[in-house]
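Order of writing sets the chain letters: A, B, C, D, E and F. Residues in each chain are counted from 1.
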Amino acid sequence: MSRLTTPVFLLVVWLAVWGEVSVVNVVSGIAVVAIVSLLFRRVQPGRHRIHVVGLVRLLAVFVWRLLTSSANVVLTVLAPTPERLRSGVVGVELSDPSPLVATIVSDAISLTPGTLTLEARFPNPGPDGPLPPTLFIHVLGLDDAEAIRDDVQRLEALVLSAITPNGLDREAAPDREGGS
Amino acid sequence: MIPLLIAHLVVAVACLAAGRAGARWALPFAALAPAATFVWLVAQAADVLDGDSPTSTVEWIPEFSLTIALRLDGFGLLMGLIVSGIGVLVLLYSTQYFGRRDDLGRLAGMLVGFAGAMLGIVWADGLLTLFVFWELTSITSFLLIGFTDKVEAARAAANRAFLVTGAGGLCLLAGLIILTITGDATTISELAADPPSGTLTNVALVLLLLGAFTKSAQFPFHFWLPGAMAAPTPVSAYLHSATMVKAGLVVVARFAPTFAAEGPWRWLIVGAGLSSLLLGGVRAMRQQDAKLALAHGTVSQLGFLMVLLGLGTSAATYAGVAMLLAHALFKAALFLCVGVVDHETGTRDMRRLRGLRRALPIVAASVTVAAASMAAIPPTFGFVAKEKALDGLLDNEIGAVGTVALIGIAIGSVLTVAYTIRIAVGLLGDDAPGIDVDHAPIDPASLHRPKPAFVAVPALLAVSSIVAGLAAGPVGRWLADVTTSLDEKTATKELKLWPGVNEALLLSTAIILAGVALWWFTRPSTRTVDARQSLATDIYDRLYDGLLDGARRTTVLTQSGSLPFYLAVVLTTLAAALGAALIAGATDSIASPRFSNSAVEFVAVVVTGALAIAVLAARTRFVAAVLLGGSGYGLAIVYLVQGAPDLAITQFLVETLTIVVFLLVLARLPSDFLPAPAWAPRIARITIAVAVGATMSLFALSASGSRTAPSAGEAYVALSEPEAGGRNVVNVILVDFRGFDTFGEITVLAVAGAGVINLVRAARREQRRKHIEDGTDVAPPETEVDRQVGAWR
Amino acid sequence: MSAVVDVVAAVLLLTGSGLALIAAIGLFRMPDTYSRIHVATKPATLAVVCTVGAALLRVPDLAPTSKLLLAVALQFWTAPVASHMVGRAAHSAGLRPDEPWVVDDLATIEGDAGFSAGEGGDADDR
Amino acid sequence: MSALLPLLVGVPLLGAACSLAVIRSRPVQRVISVVCSGSVVGISIALLIDVDRNGTEVASIGGWPAEIAINLVADRFATLMLTISSLMLLAVLVYAMGQRTDHERSRFFHPAYLALIGGVCGAFLAGDLFNLFVWFEALLIASYVLLTLDGTDDQIRSGTTYVVLNVIESFVLVTGVALIFAATGTLNMAVLPERLAELPDGIQLGLNLLLLIAFGLKAAVFPLYSWLPDSYPAAPSPVSAVFAGLLTKIGVYAIIRTQTLLFPDTNRTLLLVIAGLTMVVGVVGAIAQSDMKRILSFHIVSQIGYMIMGVALGGVVAITATIFYMVHHIPVKTSLFLVEGIVERETGTSSLSKVSGMARRSGPLAALFLIPAFSLAGLPPFSGFLGKTAVVTEGLQQRSWWIVAVALAVSLMTLISMLKIWTGAFWGAPDPADEDAREGDGVLRHHRLMSAVTGAVVTLTLAIALFAGPIYRFCERAAADATDPLAYALAVLP
Amino acid sequence: MTAVVWVCGIMLGAAGFLTTIHVIRSRNLADRAVGIDMLIAIVLNSLAVSIAFSQDDLFAALVLIIGLLAFLGSVTIARYIEERGP
Amino acid sequence: MSVEQALLIGLMAGAGTYLALHRTLTRIILGLGLLGNAVNLLILTSGDGPGEPPIIGREGEFTDPIPQALVLTAIVIGFGVISFLLAMAYRAWTIDGNDEVEDDISDRQLADRAAETGDADTAPGREGGS
């Protein structure tokens, strides 16, 4: 993820808002983006590398999960049974300390009907730098907490295969990827 | 003349500005200005008496007849000589009287400033010019009475004097302006040449007289003058006996020959003058403070002068002018003598004074001479003048008013003789009962002798009383020339020291005898009595307190300090105004309006209205805020239906932002509302609300139903694409046609933002300080941004 | 072509509206707030995506399309954050369901000094 | 020359933006403020001379035809008010910078102050009703910020009253403007007179009253004045000085503008009654108070009555008198508050029961108070006398006896309350308990900048009195401009 | 298409009605927040349906902005809940 | 302006007035919000009736664009003012823990003094003078 990714992305958004690619829009967009980037220059995610294939796969898996869990929830609403209504909070420790990854994972969880990230706790940094966070997930229709944990960890692996934090770029990643 | 006045001003300012540094030289330096005036006047005298009146005019705002117009006529010459002459003397006397003090610069400045203003009055020809200088003398008098401002009584007296003369001044102003209107004239000489008449003029004259009465301490406005004795004695001598109190007389003298025959003039003059003459005389009999006794005497004498100068007959006017001069001489002399006594003995109380004849012989002689002049005993000038006055009044040419005046003056003169003797004896006699143990009679042996220069001034004045009396013939002829400027018929008048035995002389003799008898018989009772505060002062104080109290009560009613009350007033006014417009026929313009534009609009209107009503019922802040937001969203739909998508977007945006801000703040506040205020019943609020709502919607319907011309919007639509190059007309208007509005709008937003940050920071600062004070110093709470930043790291 | 597009659009519209309705019903049928978050906000979000997708199909111009696309993207980005925020706020404010959770890992780490709040979770340490 | 008009608004607002940008550096903020404020003064004076020579200047913003553009219109009336106002604004700015505690004050003072200047200029120049509203808003919001600058308890409490009532004022104003547009289809003040004249009487009356209520509230006219004496005293001294001198007068300006330009043929008996009540209620309130700032604040109300009286009397002469009155009143009122500020800074209070003997402590300061105080009470030879006489003379000319009687009685009561301040605070012995009380000239030397500014403003009031003739004649021309809708229309729409 | 839109309209209307009742009935803020979120989603749905039906792009920007604002609103309410309790 | 629009204006203005006449600043602000909405609607409807949005290229009769531009300005200004008022409410809360608008202190003191008879602030120096 180069230094220019965010600005370029923002510029595209700007143009989309205006719905027209004209000189005025581009110039004003660059100006606005420059100002925004300056104002929020401290709020930059760390460096990450994007893998296109991984990204596509992540999206596909995600959409699929979305559809199935939506159906699940529809079912819950139309025919609620005590099992379907059982809920609980499950803590899942992630494997990567990158906040961006944690954010994406927890967003994906929250977007999926049936699961919702309630809280994310970051352990105090260890000697080798930051430690991976723990997500606490509220689950509707919970029957096996371990299954949820596995599920989330699989999701994280998918995310990591799409967006790899720089400097933490390691061989272990493909392994986990294989597990999905 | 203008340069002379400016010279006074410059000297005054210089003295004032010098501050402490000027204490040594200020008084003699200040005397330069009146001295120069005196010299100039003497030089002009011959020309002026030949009928040549130098004038001097400065246009100020001629558009409403405001010019500084000065004119030196005979009367002005006489008064100018008195003002500047006595001015010089008083300033010289003051150098002795005050000795070394820090604040003499201030005193000298104000005195010389006063002298300038007084000269302005006596020389004024322009009507408003008169008023300008008139008020200037009030101001300087105020500051001079309050010269000893550490004394509460002095401050009160200064206030009283200023307010009474100020009120009179306003009457005078109104009178003068009305005269400029009815007489179509801006100067006194123009008025005299072509006098107006009629009710309006009479009203103006009455107002003018009211002004003159206050300034010259006439009943019922006399009470400020004794109070003004709180001023240092030289000031009293100058302002409150010799000059300023004569300002009212000057005005009356200038107007009387022209207007005395009009309406109620003479009766007013005689009424006020005689009342003052008698009342002042009676009260002078009851004072133990020699200066106060003299002050009451002044009231009395001023009443006498008022009658003489105000009657408007040539004989009375002539006698009045002579009396004016006499009074200036003897009264100033008496005051200055009392000043010396006060300075040397430390008291002015006649119960404590004794042995002054031996201790202060020159003073004693001066007092005797001046008192003789005051009591009209030959061969003083006082006698000569009063003889002329009685003579003139006996020649009654104005009917009943004249008779009343004569009788009153006779009685008043008896009193004058009596109190004059009483004062003279009180000051110079050896019989001093003392007041009480602490205030025993003084010990004459311990007195040190005043410097010759100190007593020279009163002595000089006293001597001139006699000299003028002895030289009655030439002085009388000179005065006759002087007085022609007021009344041409006085040219032939003359004064005589010994006119032969005539009615007037007999009357005089009777008066003197009666006066002596009165003094003798009242002596036991007046020896120790001390008058209480006068009734008039009581009434004034009660009025003043009443005014203050009334003001306070009124203000409590009008200024309740309650925001809901103020709002209620404003909103009621609004409803009333719109209601008035509706009653005045605005409803005629409602021309068969549609009920609804479309079904969607109907739904949106109902929802919006329902939510708005629901806000009223909300019991918690959160619900109320959200309902308001809902109402706003509903309104956005109404906008949409009206054909305003951009507006709807903005409405959504702003409404949400408002709710967001609301919730941010509400998070801090208690969640439930407190009960409604007790100031007004709910029904009042509902009534106002209904009135505002109903009148607004009706008037809105009427106003929009009375469109007469097409909207300017059509031009914008036409110009939008070809000229401004934009298709969305609303946007084009915002950024181009009416971009200036948007500029202002951005300003508002930016400043509001700055204000919000400012307040929030103020709150933060205070909380931090509280924490530190409580010993619970903690880091300032994180902001949302801080947190987000933290989240990303 | 346009017929196909119309059919797809109609299906999307119906799906979206149906999801919205089901979500609304869900509000009544779920026992506690957290469950309601699951059944209400999320299907409603999907519903928006569906209907906006239909609108996208029907309006081919570039300008509105870009806006609508952006709107969909925005939904994907904001909806989870919003529901997370609401859930977390409810939890940290002390809201608990009437029927206790079968598993509550969060309760076990309360007060654990080894953790500091992340993602804005500073409500406890203030 | 008309190119200068937008600058009057633009320069201070640009300055405000820059001032916000350099919020961390007070010296730079000061330089910006002084430069902007000074250039507004310069431009105003240049305009004054130019307009007097060449007649009304018009600038159509954006270069659109004047019929549809927002116009800035500078006739003699507007430029006169602009000049005197900008002078006061500059003076108070410098005064504020001379305050020793300024460093504790909010850094938003300068931006807000500059925005206020911009708003004031905009309001004076606006030739479009809605634009007038916008600039009114700008100056109001700036005034809100200035009033609550320190965010103290007092300021918040009285600020609430001020803000809420002024928000209502804005609503009434914009309602009036909107309905005028509804009825006429235009907002251009050059076009409006003829269109308004065609409307039915009831509608005209309603529209007129709406504007009157809005501007009357701003001008603190009976019965809409109550907010003023409660809110102004709480503001920091320089702020209350500029509010007192200026803001209400903008309301009066707008009343004159709308009354003479938009509704010239209204029956103004009601307004005359209101003028009388305003005078009385203000001065009665002043008498009742025992705090300098509050006395002075009530006097603002009372004095507004005189101006409204002039407006109500109507006609060129009365308007001339009113304009002259305004010209005199702005510096007089400002200087009174400035003196009060020095007293307060020196003694720490403005309560008459706690201050005394200031005249002994500083004679020059006493003079600086006495001159405007007597001027306010209408005593000659100060400017107030001229203003009062002008108004009263016109009242007598028109045979409105009772209002003249009221006006004169009120000026006596004004004197009473001025004497209350003078005898209370300036006379008497200085408080012996106050050990570090400076004596003699030390007071002024200690507050050198503040005193210099106050002195300058007082000198200005004296100069107004001295050169009253030429100023009055200018006012006469200004009134002729203001009372002639046709000339206004011709100048804007050639 | 008209029929589809009618059906959609009825469903959305019913959903809106139910949600409003929920908002009014609910006893804690979090529930209200959920309801308000829903309501805005329903408004967005309605707008999208109307765009799809009329093929008029006028409201496209509205969808975008309301979407954004809904988020802003939720976040604010969440913060409110956090400070004040549910 | 249709009748129902006028009614809505009146209703919102009335409701706003009612709320503004309270002592709680929050209520007052809510009232001002409603009043602001009423006024904005009034501005918008002060043009001609409803019509097509005034965008060049669209079919049909346009509505008057000017009121729309005015309302846009007015809405934003209103927002600024309301935000400022809310900041004041917040500041008021940090001072005394609520947002009730108290009566002016000096006015209350004056009322107290006027209630007492024979107070100290009478004419300076009765004893002065003769």
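In this text, contacts are C-beta pairs under 8 Å (C-beta built on N, C-alpha and C of every residue); 3 or more make two chains touch, one makes a residue touch a chain.
Keep in mind that what you see is a predicted model, and the values were worked out from it rather than measured.
**Q** Quick one: how many steps at least from chain B to chain E, stepping chain to touching chain?
**A** 1
**Q** Which chain has its C-alpha centre farthest away from the C-alpha centre of chain C?
**A** Ranked by distance of C-alpha centres from chain C, the top chain is B.
**Q** Going by average Cα coordinates, which chain is farthest removed from chain E?
**A** Chain B.
**Q** Between chain B and chain F, what's the gap in Å when you average each chain's C-alpha atoms?
**A** 41
**Q** Between chain B and chain D, what is the separation of their C-alpha centroids in Å?
**A** 24
**Q** From the mean C-alpha coordinate of chain E to that of chain F, what's the distance rounded to whole Å?
**A** Centres of chain E and chain F (C-alpha means) sit 30 Å apart.
**Q** Could you tell me the distance, in whole angstrom, between the mean C-alpha positions of chain C and chain E?
**A** A distance of 12 Å separates the two centres.
**Q** Where in chain F do residues touch two or more other chains at once?
**A** 1, 20, 28, 42, 45-47, 53, 66-67, 70, 73, 77, 80-81, 84, 88, 91, 95, 101, 104-107, 110, 114, 121, 124
**Q** Pull out every residue in chain C that's touching 2 or more other chains.
**A** 23, 25, 37, 45, 63-64, 67, 70, 79, 81, 83, 87-88, 92, 118-119
**Q** Hey, what residues on chain E touch two or more of the other chains?
**A** Those would be 58, 60-61, 64, 70, 77, 79, 84.
**Q** With touch defined as at the start, can you tell me which chain E residues reach chain C in the complex?
**A** 1, 4-5, 7-8, 11-12, 14-16, 18-19, 22, 28, 30-31, 33-35, 37-38, 41-42, 44-45, 48-49, 51-53, 55-57, 60-61, 63-64, 67-68, 70-71, 74-75, 77-79, 81-82, 84-86
**Q** Considering the complex alone, what residue numbers of chain F touch chain D?
**A** Touch residues, chain F against chain D: 1, 20, 25, 28, 32, 35-36, 39, 42-43, 45-47, 66-67, 70, 73-74, 77, 80-81, 84-85, 88, 91-92, 95-96, 101-102, 104-107, 110, 114, 121, 124.
**Q** Quick one: which bits of chain C touch chain A in the complex? Just the residue numbers, please.
**A** Interface residues on chain C, with respect to chain A: 19, 22-23, 25-26, 29-32, 34-35, 37-39, 42-43, 45-46, 62-67, 69-70, 76-77, 79-81, 83-84, 87-88, 91-92, 97, 101-109, 114-119, 121.
**Q** Could you pull out which chain A residues touch chain C in their complex?
**A** Its residues touching chain C are 13, 15-20, 66, 70, 73-74, 76-78, 80, 85-91, 99, 102-103, 106-124, 133-134, 136, 138, 140, 142, 145.
**Q** Could you please specify the touching residues of chain B with respect to chain D in the complex?
**A** 16, 19-20, 59-66, 106, 128, 131-133, 135-136, 138-139, 146, 149-150, 155, 158-159, 162-163, 166-167, 170-171, 173-174, 177-178, 180-181, 547-548, 550-552, 554-556, 558-561, 563, 565-567, 569-571, 573-574, 577-578, 580-589, 696, 699-700, 702-704, 706-713, 715-716, 719, 736-741, 743-745, 747-748, 750-752, 754-755, 757-759, 761-763, 766
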